[in-house]
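Supplied in structure tokens, the structure appears directly below.
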Amino acid sequence: MKRLNLLLVLILILSSVLSVSAQDKPFDGQTIRVVLANHAWTDAVAPKIPEFEALTGIKVEWESYGEEQLNQKLTTEFIAGNAGVDVFMTRPLQEGANMEMNGWYYDLAEKTAADVEYDFEDFTESSRSATTFNGTITAIPLVTEQEILYYRKDILEENGIEVPTTLDELYAAAEKLNDPANEFYGFVARGQRSPLVTQLSSFIYSYGGDWFDRDTYTATLNTPETLAGIEMYSNLLKNFGPPGVLNMHWAQCIGIFNEKKVAFYTDASSLYPNLLDPTKSDVAEVTGCAVFPAGPAGAVMYDITAWGLSIYAESQNKDAAWEFIRWATGKENSLFIQGEKAQQLARTSVWNDPEGIKSFPADWAAAVAGSIGAKSYDRPLITAVTEARDLIGGIVVTAIEGGDYLKAADEANVKFQEMLNNEKP
Amino acid sequence: MISRWIDRHEKHIFPLPAVIFIILMMVFPLGYTVWNSLTNWTLTSKAPTEFIGMTNYIELFTKDERFIQSVWRTFYFTGGSLIIQVTLGVASGILIDAKKYPGKRIVNSILLLPMMATPVAIAMVWLLILEPTTGVMNYLLKQVGLPISKWLSSTSTVIPSLILIDSWEWTPLITLITLAGLATLPTDPYESAIVDGANTFQTIWHITLPMLRPTIAIGALLRFIDCFKIFDIIYSTTGGGPGYSSETLNIYTYQNSFYYFKFGYASSMLVIFFAIVLGTVLFVTYTRKRLEV
Amino acid sequence: MAAKKTSMYRTQRRIFSVLYFVAIFILLVIFLSPFLWMVYCSFKTPIELSKLPVNWLKGLTMDNYQKVFVQQNFFKFIKNSVIVAAGSTFFGLLIGLPASYSIARHGQKKLSMLILTSRIVPGITFLLPLYIMFRELKMVDTYTSLILAHMLTGLPFIVWLMTPFFESLPKELGEAAVVDGASSLRTFVSIVLPLSVPGIVTATILSFTFSWNNFMFSIVLATNRTRTVPVAIYNFISYASIDWGGLMAAATVITLPILVLAVITQRYVIRGMTAGAVKG
């Protein structure tokens, strides 16, 4: 009897404890594994993770990797069918189509629809469509970026040159300022085979070209419009670029820009702290930002969702995982990350809040605002993206080296068409 | 009892743990790779994975120019590295050995450093040094009036630059092997050479080098295996670029498996890769034995 | 006349001598300067780091090391690397020494070839299969899986190094012990091994170093908990920024322990690197 009583009391106590925690902290004691990229967004969120843990009782085991290592690691784990990953960072344009095809994303439609407070509609429409594949919401949009023009205010002023608004003006200005004898160059941008493709995209779009016709899946790498974009990009680099441009990724471009050796540079808006932060750059005071210059088809730059946050389809802790995502990408945290840490996010409410844009330099914010709503992709949207990028980048490398790029474009187009034939829905 | 049993079967018992380890850790991966090489396993393809026989191999040799080029490039890199490392390594070994002086051990210690250092870290340092516009190498060359180079950033100079980095790292190995070999050489042939009135260069050419040959051959074989497998340095400096101009066999295979996710196709490359290295090692070991006999 | 000739000869010798040391000096500068540059850059601020001409005393800072040890907590990665390197070396010796002894005593050429093959196989071959294997065994992100993988590079090296070493021991040793009634295991442990300490020291140092430097296995097999230093160096490269100063500080932290070890134990290391090529 006594024993029974004791048991009863115990059960009572336990159940009351459980019910309390069920109301406040339904996931108390759960552990989730979060795999992130080495990224400024991660740097901004990571120090706040203990707050989330205290708030929900969920223990977060997080780790971060360089972007290529992240993709390789996740792919290896997913192939082997590892259920250990719960939340992961992903690049919708790079691995999105492939991971979706392999069924590795958990469809967030249900979670986002049920959560009124979270307000998924607050994310820009282009960012939401960028992370939606075949009706599946694969990821919550994290950071966005556009291609913009960085230039040296002081050099332009000294030489009486206006900020170029068209690609032809850019070409003329770069030509005028180019002075290789004194180690000063007119223009720099990525020259590495695969990385250059994304920055080439805005040139191609602005001449009216594209990678392929998305209705018929016909490759268009050698159409006059696409070739005109390729020519402009490679001529700028070939004629007015610094030596060794072919091994340049954005890091090398920025290195040389910060050495005061270049007048113009086109690349992603997200790179601006490297140029405009006085602790990182010597040219912070004299670097200007402008909207990408227009071509015959207008100024058609990319406006992409570079990263998203996803739940792994085989995660055992989907509810706790969603709890983490809704906290990390919720309105409050987003305002902090964009307002205090100057990350470019996709929530409209944050952009409309003066607190949300207080850290951005004025001309940079203007250049970004002028680019929003342009093309939502900066590379071909197919599953075999990396292979396609290598093919396309190869044309530009041939052109910069002074080879027969028309032939290279024809050959690449044939191979690209073969790839597209496999991708046709 | 047990110890008697061990004694009787010592030949089999002693190596047993190592053999089990190798079988567990190597046979599955190798078998898995060979099997994959006969399938069309591609992550980015909707087609189901199936057995396709020798198709991957046929495609490699008949259709894939990048593969053929990467094979030649691998031989170019390996050959270039071997020639430089063996020539400079043997020469510097003989040079260091030529005189006795205090502090020789310090010289030896410094020679050890490049090959002991972590390749990934070293590759980063070289990337910084060889940057054409902001790197310190071109700056120094300009200061002393020598022609500058684009180093890792041009399709024509990238392989020589990688050979330079690899040689910086590994020439000391040949130097040390040469020094060790020199220490074991008998002195009699030299004495008779001096009696015959031979000069320094003649003695090196006619006596030292022939006697060192077997030692150098092993050193060169070791370097061959590692140069052929070169990965860390290229991965961290150029990733195979500019264009495809530094894409060696190992890099192209890595590209196919972890960037294109063509696991079947990449596996067929691995099999060929393995066959080339194993074939060369067996060939060298075999001919060397015949030469010695 | 004769005196003049001798003095000419002497000057000639002196010139040769000077040229000789100049050559040695140039050699040392070539091999040392990248290290010195690495260490120097690790003390520079981001802005000053790529400034040319170099302003030697401007923009010096300890920030980069603060990032390595405080922000990135490299102590943890160093601890991981030490555990993995020590573990793979210990177990590599444990199974490699008896195997090499047997190969040396019984001339088991095929066996030695089998073990050495694992040195020839390109590393990528192992990545996916080993990951799948360890996952099935629930061993991903454990030290054990990394230790086993690193043994693949350590074991063949130990065998390659120790076989000729055991061959060089006088055969009579073992035989005498057997006559005295000692078991082969006993002979191996209490007579052969103590005589082989120099060889074992060499194998230990080099196997440790190879494991420490290994990059490929750790990318796939380790996660945050077991990540080793060569992978951790990539923490300084992120999506839209590269911290060259931090990178150089990390490179210094990674290479320095190995370099110090190499210098202290140089006699053993040199013997190890050259063993197999030089008989005797």
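Labels A, B and C are assigned to the chains in the order they are written; within every chain, residues are numbered from 1.
Everything that follows uses one rule, which is that contacts are C-beta pairs under 8 Å (C-beta built on N, C-alpha and C of every residue); 3 or more make two chains touch, one makes a residue touch a chain.
A quick note: this is a predicted structure, and the numbers were derived from the prediction, not measured.
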Chain-level touch network, classified as line, ring, star, complete or other: complete
Which of B-C and A-B has more C-beta pairs touching across its chains: B-C
Chain A and chain C, separation of their C-alpha mean positions in angstrom: 39
Length of the line joining the C-alpha centres of chain B and chain C, rounded to whole Å: 16
Length of the line joining the C-alpha centres of chain A and chain B, rounded to whole Å: 38
Multi-partner residues of chain C (at least 2 other chains): 50, 52, 127-128, 132
Touching two or more other chains - residue numbers and ranges from chain A: 72, 79, 255, 259
Shared interface positions of chain B, touching two or more other chains: 131, 134
Residue ranges of chain C in contact with chain A within the complex: 45-47, 50-52, 127-128, 131-132, 135, 140, 219-220, 223-224, 227, 231, 234-235, 237-242
Residue numbers on chain A that touch chain B, as the complex places them: 68, 72, 75, 79, 98, 101-102, 183, 191-193, 242-248, 252, 255-256, 259, 261, 383-384, 386-387, 394, 397-398, 401, 422
Chain B contact footprint on chain C (complex, rising order): 17, 20, 23-24, 27-28, 30-32, 34-35, 37-38, 41, 50, 52-54, 94-96, 98-99, 101-103, 106, 108, 111, 114-115, 117-130, 132-133, 148-149, 151-152, 155, 159, 183-186, 188, 209, 212-213, 215-216, 229-230, 233, 244, 247-248, 250-251, 254-255, 258-259, 261-263, 266, 269-271, 273-274, 276-280
Contacting residues of chain B [partner chain C, same complex]: 3-4, 6-7, 10-11, 14-15, 17-19, 21-22, 25-26, 28-30, 32-33, 92, 95-96, 98-99, 105, 107-122, 124-126, 128-129, 131, 134, 136, 139, 168, 172-173, 176-177, 179-181, 184, 215-216, 218-219, 222, 225, 229, 231-232, 250, 253-254, 257, 263, 266, 270, 273-274, 277-278, 281
List of chain B residues in touch with chain A within their complex: 43-47, 131-134, 150-155, 158, 238-239, 241-244, 258-261
